[in-house]
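Heads up: the structure comes next, in structure tokens.
Which chain is which? They are A, B, C and D, in the order written, and residues in each are numbered from 1.
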């Protein structure tokens, strides 16, 4: 049943990304449509390290990729501290489009629009992950760790601090807390999640190209946490599993193939409008 | 030894409005000082300057012989000065206990590394801090409302909670922005009793207050501010009975 | 010579972008809505005009009917979607995502009905050439310049001279105050989005008349126009128009110094620099 | 499958006998093509090509009495969607053959095709990596490099010494640019300019102007969309250099437009007989362009292979289809082609567009 396993693996990778986006957009309240770009950097870094002259094994490449994404995410969210809400929407769009332009044009680094084929499968503690079943185990472990980390920080003082910042930054500063440092560490954590997801994605598909990390992917991520439910762990899990299942379910409905594809994107759009009008907190979240 | 807290030569303009004009005054340790004056006299502006939210055009603030101007708000809180806000600015969706715990300084697990990799230590430290916060809540008489969300508290209870949050920072000098305004007589007495208790605990209070009955009952010292300048300083009786000041403040006899 | 030709073609693109920027700025400055679906109305205008021209409808009608339809759609979107969201006190993010959903709905209805092929307008005069010395422009490009400058002048006259224009600027400057006075901001928002939709229909028809029609052609122009609006200072019509020209020309001229594939990067690089050092924009309109 | 049914079908090859359907089940194949997003234009044409050939075969009673059905999945030209669809088609529908279109997704599915022994049939993508991606990946058209070598030699032979390159910023475009650089140099020419255009946008003027500024005598082009707009802008700017390209040029609306007069390109000699093209236009209300013809032809190759597998009474699997295809090796559909490797070599012509028609200049035989 590879099809089911593939769906689960991809959904779990998107859960990690959902956690990352939820941390930034849901909890800290920084609007971001450039998470797919960070996800892409994670994927390309791992691919590079594992295909290098003397290749690194999977875990070290993942750690380095996560570190790169931590740094990138901090860099990407810093403007949001200087620029007010709506302006940052455009900056975020800009960063995503710039990243896509780099992925496509820097052929030496990313293989350009042709993508990067032949990424070796990961090896974890000596066990080489080949079949999809093994992949499901690896991704389940990774996403479980991600969810645990998310759950722990939300229960810890750090989580309470982030929720307070979202409500009233000035009051938090007046209570003696360093708001900037809290936001930057949240962005760093979000980067680590996105980098890990990137590494898993690259090795699972064994081929990556710029189109998996473009603006549509970022908007899909944003929609996942909005439909699934913002600011909660449940929302970050429900969103990806539901929205990745949607295209498959819709193909079972036999609409004439010529307009089936456009019809599916149309239903996607209608879902977005419906949720925003009638259930902005999504299926399992809190009000945005 | 200079004064406990010294504000000298504060001057600040917001565009055309000359909010603070060469304003200077001192605060004595362990005393309750009230800041009174008509609306727009610059009372809240002074609070913003002392707590680092506003860099004044000129002038300086010294606390226990240490210059504060130029420090960021959180550094000033660590130096021992904390404030409340006229519009409360509580975290409506969080519980009363959580609101107070936000004030507690230096908690373990306030950044992701500690929270994730040492969860047990974080949980233990948090239990101690929770106990501490419950104590503060009890001190202001809100122990039974600890786990209620702020949205469901009465206005009087919310006022007490702002004081609890300020106490949690462990600051010695508390700047309270109209702690008694808009309260029923019952709640008013509770707040005034609390302020006296805080003085008993060795805290120094600088209180912005309009209610002259409250000022007379709790103030050791009154500073009368008008158009950003300190007009007079003295005991409540002297300030309130002074006809010239009453003229400015009430536009007529008391 | 190349630089001159690039400059002129840049000005043409800049003019079309300018109208998109003005119309978007009207909605954003007044109603504070990040109206991404504006790109959908831009695309829809082009397709309606194409259909009318294919059915041999006389030219003036083929321009006016789509404008009327887009105006109606814009008004409908404000009254049914944005107003309802406002009543539910939706946050900025919620409104933005609803707008993204609307854009996806419009684009994909077009893709289903008209197929994703690139459609060519059935007019012969549109590509006839006119030469001004070394510079060559076709009729559509000339028409684009004339119509866009007229639209800019018209909007300025409307905003500063007419009663409704002043009322819109009043609502834009202080929404809370407008609420309690008899300015009825909700009805003003409907007028504003209707006018903006009519305006954006102009480049929506003229640009594809020159470059061909595609269902997903609205997003890039809208993003570039938004940058022009913000870089020019939100609420400033002149700022939005002038910055659109500047960005379009810079993007073309950047070809002189760097390969073409990086030109989109130029626009966003300029913008990010702007955001870091001058967030309020060049022509920060007097509030 | 009762024995008698096969015998009848073999006997009555010419006659149309709809054999009793008892036991004749539907054979299902897959198709993973971009039906939305920027690739939708080509993906939809490819889908129609396959569907048209299959409908025709079914109308004539199917292959050995079996009706053929092709299930299409939309991958939006994205590798992860393609992997998801590949596993769905192989696990749920157990298809033996899958039609694929874009270079990126095809490269992503190649390793899976090898591992699960499913025949991947590509009739549209030409990235050079596809030649060696997987033994189970069949390309029914040469990679872009093959055509570019021919057109570069031809253009250099016409005395064109320096060239500008206009390429699309996508998988095929960048591969094409690199091949042009190599082939044109080998043919003794020099490349004086190269300009990229964003995939899916149709404003070629800035790129054309920059290339014109380098004074080339020929412009080598590799773009998959917006060719008509490029031709019109080329004419509007009154540019003088010759324009050369590959089979992507075979777009009827461009050929019909006077702006493309003088354009030269290699042309896979694939053209649909008039009645077939008319039936296609009647059904889909659009001309049977290059990609539709390519996939109609590829579908016919797959159907011919299926016929051989069924005739030999073997089960229909990726492996049997793969072996049967290489046993047949030469196919005579819309275009004669031969599978020496898993990338077919096909005869190519050099055509020139003159007043609305695509005129043959030179035939290049299969070596």
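Just so it is clear, a contact is a pair of C-beta atoms (placed from the backbone, for glycine too) under 8 Å apart; a residue touches a chain by one contact, two chains touch by 3 or more.
Computed from a predicted model, the values in this text were never measured in an experiment.
Peer 1: Indicate, using Cα centroids, the chain positioned nearest the centre of all protein chains shown.
Peer 2: That would be chain A.
Peer 1: Among the chains, which is located farthest from subunit A on the basis of C-alpha centroids?
Peer 2: Of all the other chains, the one whose centre lies farthest from subunit A is B.
Peer 1: Given the two chain pairs A-D and C-D, which is bridged by the higher number of C-beta pairs in contact?
Peer 2: A-D
Peer 1: Starting from the mean Cα coordinates of subunit A and subunit D, work out the distance between those two points in Å.
Peer 2: Distance between chain centres: 35 Å.
Peer 1: Using Cα averages as centroids, what's the distance between subunit C and subunit D in whole Å?
Peer 2: 38
Peer 1: I'd like to verify one number: the distance from the centre of subunit B to the centre of subunit D, where each centre is the average of its C-alpha atoms, in whole angstrom.
Peer 2: 76
Peer 1: Distance-wise, how many Å sit between the C-alpha centres of subunit A and subunit C, to the nearest whole number?
Peer 2: Subunit A and subunit C have C-alpha centres separated by 31 Å.
Peer 1: Considering subunit A alone, which of its residues make contact with at least two other chains?
Peer 2: In subunit A, 104-105, 258, 262, 265 touch at least two other chains.
Peer 1: For subunit D, jot down the residues that touch at least 2 other chains.
Peer 2: Each of 36-37, 40, 44, 169, 196 in subunit D touches at least two other chains.
Peer 1: So how do the chains connect up here, line, ring, star, complete, or something else (other)?
Peer 2: other
Peer 1: Which of the chains are touching one another, listed as pairs?
Peer 2: Touch list across chains, by label: A-B, A-C, A-D, C-D.
Peer 1: Can you check the complex and tell me which residues of subunit B touch subunit A?
Peer 2: 51, 53, 72-74, 77-78, 82-83, 85, 89-94, 98, 101-103, 105, 107-112, 114-116, 119, 122-123, 126, 129, 165, 168-169
Peer 1: Could you list, by residue number, the parts of subunit D that touch subunit C in their complex?
Peer 2: Counting only subunit D, the residues touching subunit C are 36-38, 40-41, 44, 169, 194-198, 200-203, 205-207, 209-210, 212-213, 225-226, 228-229, 232, 236-238, 253, 286.
Peer 1: Sort out for me which residues of subunit A touch subunit C in the complex.
Peer 2: 25, 31, 79, 82-91, 93-95, 97-98, 101-102, 104-105, 215, 219, 222-223, 226, 258-259, 262-263, 265-266, 268-273, 276-277, 280, 287-288
Peer 1: Spell out the part of subunit A that touches subunit D in their complex, as residue ranges.
Peer 2: Residues in contact with subunit D: 1-7, 10, 104-105, 107, 112-115, 117, 132, 201, 205-209, 211-212, 216, 247-248, 251, 257-258, 260-262, 264-265.
Peer 1: Can you tell me which positions in subunit C touch subunit A when the two form their complex?
Peer 2: On the subunit C side, the touching residues are 28, 32, 34, 81, 84-85, 88, 90-98, 100-105, 107-109, 111-112, 115-116, 219, 223, 226-227, 230, 261-262, 264-265, 268-269, 271-272, 275-276, 279.
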